[in-house]
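In the two complexes below, chain A is the common chain; its partner is chain B in one and chain C in the other.
What follows is the complex of A and B.
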């Protein structure tokens, strides 16, 4: 009798596990082909000198030695990215939080509309974004210079995209514009998790708006902030298409990295090395750049985690 | 119970469909595969020698960034080869080398013809993925085309890896109304006399700047003479393992620094929206001019400025600017048909006539210009521009051979222009040293720099 009951259950379990397998197999095939294989293959390539067409020449760890001791651009690109991130990350986090708090107010009219539209820049394609900012900040005919001249703030146009410092400022502004919507949305989600009774109790106790933000909202959104910081850093190190469009649109043969390579990012450098840009391509060395970047992001993430964990213990 | 069974079946079918979709999505696309299928398939000799045009059929896949051009060439070609069509595959100019590399690295599909733009031609040739058109079965006859062009189509060891679609002896074009107002004359000989060397050019530019109060520039930007100065340098830069950079950068940077110091150039980069707008805004006196500039730059950007332009020799001498060659990859499926297209379009009188009419270029077939067909264009105030370019500029032109590191020179100069424009304190010697240092970073470590 028991066996008679067990048999249908086992059949059912087999059917369910088969269906489950069928659902997950596509993902694993996709992951294996498009994620795992490229990761492993590029590690293999990093020990070769190869232009992508001719014969691969095994050179051992020479590429790694070159990257960490002789490369003129790798650490520059990391430094550029850190500088740009230090510019836009705090601004987007602070501004994003304040905007989210504002948009969370029940008394704001049309807040659904604002909550939706503030997200739009995030979904603008990076290519379009780069082109848009290139037009806005053009030295001669850009809208920004025209406005500043019309307001009498400057007499002649600022060379936004030709000066290294100004170019970084433009990139910071562009990243703020792009990322703000996403940050606000995540913070809005975080705010829904804060119990309204806490805020009401604080109000009854005489807490003002600023005090509620400082002593209740910010501490309770700590994990959200940590998440946004870590993902912001990882995203920052993957910056490529927007700065590339900003500095190379319409120019055949334009060099990588903007003025004096001040906006060269590691991924842009990787792309330029892999596909030649204007110099000979080197797939092997591009693979090493990818792994160098991976190591750097790993170290930063570990440090970030340890600092957060220590603060959590405190 | 039945609902639950139905849901499970639907879930199972969805999973299976997803799985199958993944597999079929990974399959290669064979729809682009083209094959030449001559009617007389037994006659290999006919095919090698081209066969009769009416007998050939098939599809030639072309990687290009200009659909209109390919369509025009397709219509022209079909007047002689009715059974053959050109299939346009859009590949952006900046992505041709990337796509070719990816195709080579992944053993993917190649086109039958790929465009080889001049700015990356040396690098493209160095990929070694091209048919040698000087060898069998193509046996390209070098004597058919203008001699200076050969250096742009050949490798160091003499192989012809592409046939240039156009011959581009180049000079300057100036705006007559601005010349009359600020230089006191719009006569081409008198204008040229005022800018015949770089010292005079700077003097004339200073006069324009002073009289216009700075609202009119002699040049749109230093980028406007970058390609010209590079093209005017006719000595070999990369000779074996030696890079003669000092002389090259001295040649290119000397006039640029002088122009920058005089403040007579704008800050626009070529082909940017601001540069395009300057044609219509009439705030720039002189631009570079190649035979294709009329269509690609002047008429498209200044449609209402007919009659206000004249072409003259450039300061510093003749040069070539731009240019696209047709090359046949070794892994092309339809090499014979591709060669038929190139031969007819560029190397026969009939095809050349159609090409010139469609594209407005100076064709490579030199006998087509014996005598030079009349070419009058409203835009150039009645000047026969082609005659001027071919009789006055072209005979003086010598071009250095293309090299795979040419694009490094362009890359560095693109950066140097930003640097010297941004920082007026950088003098000539410092700029030359910076350019050399930057170039060294991209060259092989064992290359000798002089």
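What follows is the complex of A and C.
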């Protein structure tokens, strides 16, 4: 009697586990064909010298050796990205947290309005932002120079996009402008997770606004800050659209990376090496750049994982 | 009490200032699109001019509407396929016990970290082998299997669909696919809305992939159209700005209409951290 009941249940379980597998299998087939295979094929290509058309020439790990020892541009592109990130990440995180705290105040009206408008730059295509900033920061006709001149702050227009330092500053300004609303929104979500009693208790104990931020809000939002920093760094390493737009429109034959390649990013370098058309394209070497970049992203992810894991133990 | 009121006023002032900074470039974009190029270099004006329709005419005769069609086609089809596949896979992960469930989910979470650029070269070569280079379909298929989408849907189905509903449907003799189409999809509508908006934005704004896949200007989406404006209207700033305004407005409208779902989706990204 018992067995007679068990048997159908077991076949039912088997049937269901098969059904579950069938639900997820199509995804993995699709992912395998259109994402995993290209990633592995890129890895295979990284051992070859190949212009994409002619014969592939096996050169072992020569590409990797070149990337890490001889290539002046790869580490420059990483360095550029790091410099630009050091410029905008702290600013957006600090300003974002402060703005989120302002918005969190229950008596502020029009929260939705502020949040939505401040978010707008984030949803517009980076390409469009790049072109927009290129036009606004144009040497001759740009609005920014016109405003600065009208205000009497400068006498002659600044050549924002022609000078390595200024070019990076424009990118930093653009990134701040683009990311701030996003950071505010994420912090705001974090703030709603803090129990109001805790903040009230602190207030009763006589904590001022800054003490509350310093001793309660900042420590409690540590995870949010970690998340924003890590995803910010990973996104930053993938910058491409906006810098490319800022520095190549209309300049036929100009080399990649803006003035003195000060805004060359790893992805831009990858693109230029494989598809740029300025020199002979090199698919093998472009693949190595991709893996080199991935290595940096992986390191950031592992550090993130280590920090989170350590927190879990506390 | 008075001090508190002053504080609120200061807060409002700061928030308003940030809002103005956030939308000022867009405002300037709209204003500048209503002037002639020769007027743009003279002096700034904060009020619209009367040259908008002339700029618009030049942009449209330059084939800009074609870019719209391509962007809509690519974004809509990719988003629908991606969200459907994410829901299907998420349902499998959330509500079925099978031996590979946990390991495969870990693969998904791990793959979320992989940047799209890693396989870019290989993908282009693969598309050449499939004879899909310079087709819009090649831009679409890569983004259909999206690990974040699956992760998001798994979490959403786990937390919103009760097991009892599925079990009673099963007892009524409903097939597994029938349960998914008739019951699950109805339950997870808000989750679908969020994912649709996110995916639509990502696909609409995508630049690098169409850039390396498409050579033929008649197949360009708006991002590529914007990027090549400089070549086509090199001295014509007004036309460039007008085209830029046309290209960015749709996504702004979509965002404002669905900002609730949008913000929900982005803040949910916190979970994965």
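Throughout what follows, the second predicted complex is superposed on the first by the 280 of 314 C-alpha atoms of A that agree within 3 Å, B and C clash if a C-alpha of one lies under 4 Å from a C-alpha of the other, contacts with A are read in each partner's own complex, and residues count from 1 in each chain.
Rule of thumb we're sticking to: a residue touches a chain if its C-beta (ideal position, glycine included) is under 8 Å from a C-beta of that chain, and two chains touch if they have at least 3 such contacts.
All values derive from a computational prediction rather than experimental measurement.
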item: When chain B and chain C are modelled together on chain A, clash or fit; value: clash
item: Touched partner set for A:201, first chain B, second chain C, both or neither; value: neither
item: Chain B versus chain C as contact partner of A:17, first or second or both or neither; value: second
item: Partner chain in contact with A:72 - chain B first, chain C second, else both or neither; value: first
item: Touched partner set for A:124, first chain B, second chain C, both or neither; value: second
item: Contacts of A:86 with chain B and chain C, given as first, second, both or neither; value: neither
item: Chain touching more of chain A, residue-wise (chain B, chain C); value: C
item: First (chain B), second (chain C), both or neither touched by A:26; value: both
item: First, second, both or neither for A:163, with chain B first and chain C second; value: first
item: Which superposed partner A:245 touches (first chain B, second chain C, both, neither); value: second
item: Chain B versus chain C as contact partner of A:94, first or second or both or neither; value: neither
item: Clash with chain B (superposed arrangement) - responsible stretch of chain C out of 98-106, 152-160 or 170-178; value: 170-178
item: Contact residues of chain A, present in both the chain B and the chain C interface; value: 19, 22-23, 26, 30, 52, 135, 138, 140-141, 248-250, 252, 275, 283
item: Parts of chain B lying in touch with chain A, wherever the complex brings them together; value: 8, 11-12, 15-16, 18-19, 22, 26, 93-94, 97-98, 101-102, 104-105, 117, 119-120, 123, 126-129, 266-274, 277, 404-405, 407-408, 410-412, 414-415, 418-419, 421-422, 441-443
item: Sites on chain A touched by chain C in the complex; value: 13, 16-24, 26-28, 30-31, 34-45, 52, 99, 102-103, 105, 107-108, 112-121, 123-128, 131-133, 135-136, 138, 140-141, 143, 146-147, 150, 177, 180-182, 185-186, 189-190, 223-224, 226-227, 230-231, 234, 237-238, 240-241, 244-245, 248-250, 252, 267, 270-271, 274-275, 283, 286-287, 290-291, 293-294, 297-298, 301, 304, 308
item: Chain A-touching residues of chain C, taken from the complex the two chains share; value: 8, 11-12, 14-16, 18-19, 21-23, 25-26, 28-29, 32, 40-41, 43-44, 85-86, 88-89, 91-93, 95-101, 104, 111, 113-115, 117-126, 141-142, 144-145, 147, 150, 176, 180, 201, 204-205, 207-208, 211-212, 222-223, 226-227, 229-231, 234, 237, 240-241, 244, 247-248, 251-252, 255-256, 259, 262-263, 266-267, 269-270, 273
item: Residue ranges of chain A in contact with chain B within the complex; value: 15, 19, 22-23, 25-26, 29-30, 33, 51-54, 72-73, 134-135, 138-142, 159, 162-164, 248-256, 259-261, 275-281, 283
